[in-house]
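Shared between the two complexes below is chain A, which pairs with chain B and chain C, respectively.
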Partner chain A sequence: MNIVVLVKLVPDLVEELEIDSSGTSLDTTFLRQIINEPDEHALEQALLLKEASGATVTVIGAGVDGMDDVLFTAAAKGADREIKLTGSFEAGINNHAMARAFAAMMGELAPDMILTGVQAHNDIDGALGPLVAQFLDLPYIGYVSGVSIAAGECTVRKEYAGGLIGEMQAPLPIVLGIQAAEKPPRYVAVSKVRQAMKTVSLEEQSTPELDPSGAAVIERMFQPEGGEHAEMIEGDVDQIADRFVELLRDAGVL
Partner chain B sequence: MSADIYVLIEHMQGKVNDISYIMLAAGRVLAGGSGGQVVGMLLGHDVEGLTANLAADKVLLVDHPALAEFTPEAYQKAMAALIEQSAPRAVLMGETSIGADIAGGLSALLGLPLVSLCRHVGAEGGRLTFTSQICGGKILAEGELPGPTCLLTIMPGDYKVEQGQSSIQPAIEKVPALDLEDLHVSLKEYIEPTAGDVDIARESVLVAVGRGIQQEMNIEIPQELADALGAVVCASRPVVDQGWMDTSRLVGKSGKHVSPKVYLAIGISGAPEHVEGIGGSDLILAINTDPKAPIFDIAKYGTSTDLFDIVPVLTEKIKAAKGG
Partner chain C sequence: MEVRTLDPSTEFMNQIMETIPDGERIKMCLQCGACSGACPFGFIMKYPPHGMIAAMRAGLIEDVLAADTAWMCVSCYACTQACPAKIPVTAGLTTHVKEEMLLAGNVPTELQDALEKAQRYFNPLGESPRKRAEWAEGMDPEVTIMAKAKRPVDFLWFVGDYASYHPSVRKATRNFARILQALGVDFGILGPEELSDGDSVRLAGEIGLFEMLAEKNGAAFAKYEFNEIITTDPHAYNALKNEYPRLGFSYPVRHYTEFLLDYKDQLQTLFKNEVQSSVTFHDPCYLGRANGIYEAPRELLGLIPGIELTEMSHTHENSLCCGGGGGGMWLDGFRWEKAKSHISEWRMREAVHALGKPSSEELDTTAQPTRILAVACPYEPSRFIDAAKTVPGAEGLQVKEIAELLAEAIGIEE
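Up next is the complex of A and B:
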């Protein structure tokens, strides 16, 4: 059983986001990028399947700043192979381009299952998973929060609005968009990641020229402003708490 | 190629999903610019009754047993056939567990451009535009809908359900389903959400906990506040995914939609998936250290004071107020 996990980095939303001078993309000068959270769940789901059925887990990501750490962390958690795509992943490289690049390298890996996060917060040209699936002519199921494999088939739990789950069945190979793994992503000690940095070597594979076609041109990017905004309560902790008590009383719940 | 705007009518268990009406409202805006009709695409089996209040000029009805329940594979095949036959100016799908599962596949299969996370469309001077909400609602991106046919996935936010409803029954055109043999993906069963110990959708005061709580042991801080207030705690996705709170307490896109008198959001950033579930609240109060967090765009009052400073003090004051 070969399971491939596709991971990408996204801007850390805890940080201040700035628009660059072109006005059409994020300023990446001081941008801190972190692993896309649903991708972390995709990795966890792959590791859970490996523990249950003895799969080989291969993690693949584009070789941008920060990806080495993500791949070493995956190795420390128990992934078997880590592949870094090399190429020029500059602004304008979107999910269509990455999906084509990932799909082009799957032949040799012969995956039975490809897992990736169901979405990322900057997926402006659609999520990665369904694109990869179609470029490989494989079925896709997204919003998945549970996977089991038996006799060349998988059974997945697909989430719908309101907490409804659809249990679906499909043959392998398949591409799944993971919303949440069955267990919270495992914690790995920094010392183990450091050890992986010394003992694991990342494989590198170069991408052919990237083809980003399939997305719209962004003419303007901006931070939402104006409109309605909460009235921010000023003062020290005591005064703010007093105001909250007042508001709760006015609302008739206290 | 036509100037029509196609809208996927998403439905589940015999009911049209709200996002479908929201898309019909957005579709009407685009059709005003393109000069075409708003055409609903209804895929299913014995679902003609769902067309009654759709604000569409026409509904294409594809009836087939293989479409009785949603699977991405069957839907994508049926949609691809419809889009190829008539090449509409735009095709709207939901940024949902249905629409987002097939939009990417259709884009790759048909070689058509895709715009995701779209919450607003425009049609000024015949120029059709999109505004997408990225980075958890912190950034907006605008552009023109590329041609000839642009696929979009639409998020709730800027259009109301009522705008996509009509008392006039739209014309129905039955379209034969093509190529729905040899399918691989099937639905085994639906599993209804577990009730949990309380139904947060019915509670009148909710204390909601987000990623800002940092650790499982810290959950007791908002829990004490909730206890003092006679409220119930609930959570956003990251807290539930960590296993710190039961799934029955999840608020948002794949959790419950709530409508309390007061929704007190603690350490919640207000990502679109979460905000989707709290629009029915009478009053939203927010505590978050990031004054630019999108939660403050929907909250009535807020503070950027650290939750670990403010919440214990607030709890004591509520206890005192109740005691006095």
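Up next is the complex of A and C:
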């Protein structure tokens, strides 16, 4: 059983986000990146599956600043292989380009299951999981909060709105977008991460030219702009009703 | 050659004996139980300190590590103080138990969250490391930040996590800065270059994280010239004095209450207000029991005109912890579930007993407080302010850092 976990970094919201002079992207001067939280759950789910039924867990991430720490932490938690994608990521890498690069690696890895976080707060061009599934022509289930594997199939619990949970069986290989692992992501002591830094070597794989096509083009990025304040209508019922009618007339709907 | 591996209990005991100063004294335990009797949470631990030793001797250390009640330990040194055989119970036994539990992944979620924040942001509150000196913004005169000033100072002030970030402590932090300025002390802070001292994550068993933080702080210290470190945080004091030297970072360090005694005469000439209050002082564990400093804070309080100092029933080496040590700042929910009470509330009842019931003027919230619980550790204000809300008789009782009371007497308080 080969499980591949795809992780990406997102801007850490502990620092205030600023927009650069181009007006179309974030200013990266003080930007710190942190692992996308649902990706951390995807890794945890993979490790739980490994413990439950045996699997080789491979973690892959684009080699931007901060990814080494994420991969060493994954190794310290119990992942078997850590692969860092290398390439020119200075200008940023959108999910379309990342998904194509990940998809291109899958032939050799022959995954039975690809897990990634169901979403990230910087998914401007769509979530990563469905894109990877599309490029690999694999089925995809998102908003997953529980997985088990038996007899070449998986049973997946998917969260729906209104507190409903659907349980479904699906063939392998498959791409799953993890909402939450069955247990909270485990803690790994700093000493174990430091040990991993000394003993584990990250595999590197270079990506050919990035292909970001198919994504929306950002024309303008901006902080939320305050609109005109709401008018609080005061008075007795008749006065409020009169004001409503007046407003509806002004708006041309009466 | 046959490789013999030791059973886990023997290995555990050997680690304590080999790595902790006086660790071999653990062999002298007579199972008197004084440690567990003195422990504020001994009543609820499956293995209180003497029980940990008994289990270790019986080859059952794994049972100790599997139980989660060692996370009730507040690292308050009450056990160490009570031990007639002078076994380093806190430094050796309970901290090592927590370290092993943590390495095995047996960590309460809320503690895990604080440890991850300390790892990533270098403070367990998860605040932006860039904003560590935000408390000093707008102060006049400006507080010197070493990287900007590029000059030697007499004293490097290690501000600490809670004094830098916590909303109920920042005012006391600014008041201490004003006192230093009023005294004409030449001081500077590291600002964003200062990281958590790491002592409480160490006592929560995260030794690797502590060492990482210490190494980074040590590197920052080495960049600047100063004669001595002063600190407003007893946990930082403990780390800098007792733990950093073994990692190669050795600097003279004093807690601010000791430091200010050098300026006793000058302080007295600056005092112009009376602080008409009954005051009782809570000994911080890491100033008192862990480091033997009991009189400096009391002497400072004694200088303030108008203050009448009374003692609580637990005082000096017999003092009761606020509940924040050894990771306790990040285990309130866990401990509430186990014990259904907070030690800070027990302590607040003692304060009410020592200071008396509220006067009618005190219940008028606009009047000057007449009962004050004085503290000297930035972990304490939030805990005791909360406790005062629930303990009968604590209505109107104020919790104040000694620095705030001094600033009030000088008339420079914020």
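Basically, the second predicted complex is superposed on the first by the 223 of 254 C-alpha atoms of A that agree within 3 Å, B and C clash if a C-alpha of one lies under 4 Å from a C-alpha of the other, contacts with A are read in each partner's own complex, and residues count from 1 in each chain.
Operating definition for what follows: a contact is a pair of C-beta atoms (placed from the backbone, for glycine too) under 8 Å apart; a residue touches a chain by one contact, two chains touch by 3 or more.
Worth saying up front: this structure is predicted, and the values here are computed from it rather than measured.
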Practice task
Could you say whether A:244 touches chain B, chain C, both of them, or neither, answering first, second, both or neither?
Solution key: first
Problem - First (chain B), second (chain C), both or neither touched by A:110 - result: neither
Practice task
Determine, under the contact definition given at the top, whether A:14 touches first (chain B), second (chain C), both, or neither.
Solution key: both
Problem - Most chain A residues touched (candidates chain B, chain C) - result: B
Exercise for the section: Considering only the touch criterion stated at the top, classify A:194 as touching first (chain B), second (chain C), both, or neither. Expected result: second
Practice task
Quick one: classify A:151 as touching chain B (first), chain C (second), both or neither.
Solution key: neither
Practice task
Name the contact category of A:34: first (chain B only), second (chain C only), both, or neither.
Solution key: second
Exercise for the section: For A:252, select first, second, both or neither according to whether it touches chain B, chain C, the two together, or no partner. Expected result: first
Practice task
Identify the partner contact of A:186: answer first if only chain B is touched, second if only chain C is, both if each is, neither if none is.
Solution key: second
Exercise for the section: State which residues of chain A lie in both footprints, the one left by chain B and the one left by chain C. Expected result: 14, 184
Practice task
Provide the residue numbers of chain C that touch chain A in the complex, in ascending order.
Solution key: 102-103, 105, 107, 109, 112, 115-116, 119-121, 126-128, 130, 206-209, 211-212
Fill in the blank from the handout: Per the touch rule, the chain A residues reaching chain C in their complex are 14-15, 30, 34, 184, 186-194
Exercise for the section: Spell out the residues on chain A that touch chain B in their complex, using ranges where they run on. Expected result: 11, 13-14, 16-17, 19, 26, 37, 41, 95-96, 99, 118-119, 121-131, 133-135, 139-143, 155, 157-171, 177, 179-180, 183-184, 213-224, 227-233, 237-238, 240-245, 247-249, 251-254
Handout entry: Residues of chain B that touch chain A when the two form their complex
Key = 12-13, 17, 69-73, 96-98, 100-105, 107-109, 111-117, 130, 132, 134-146, 150, 153, 184-194, 204-205, 229-231, 237-238, 241-243, 247-248, 250, 253-257, 261-262, 269, 271, 282-286, 290-292, 294-305, 309-310, 313-314, 317-318, 321-322
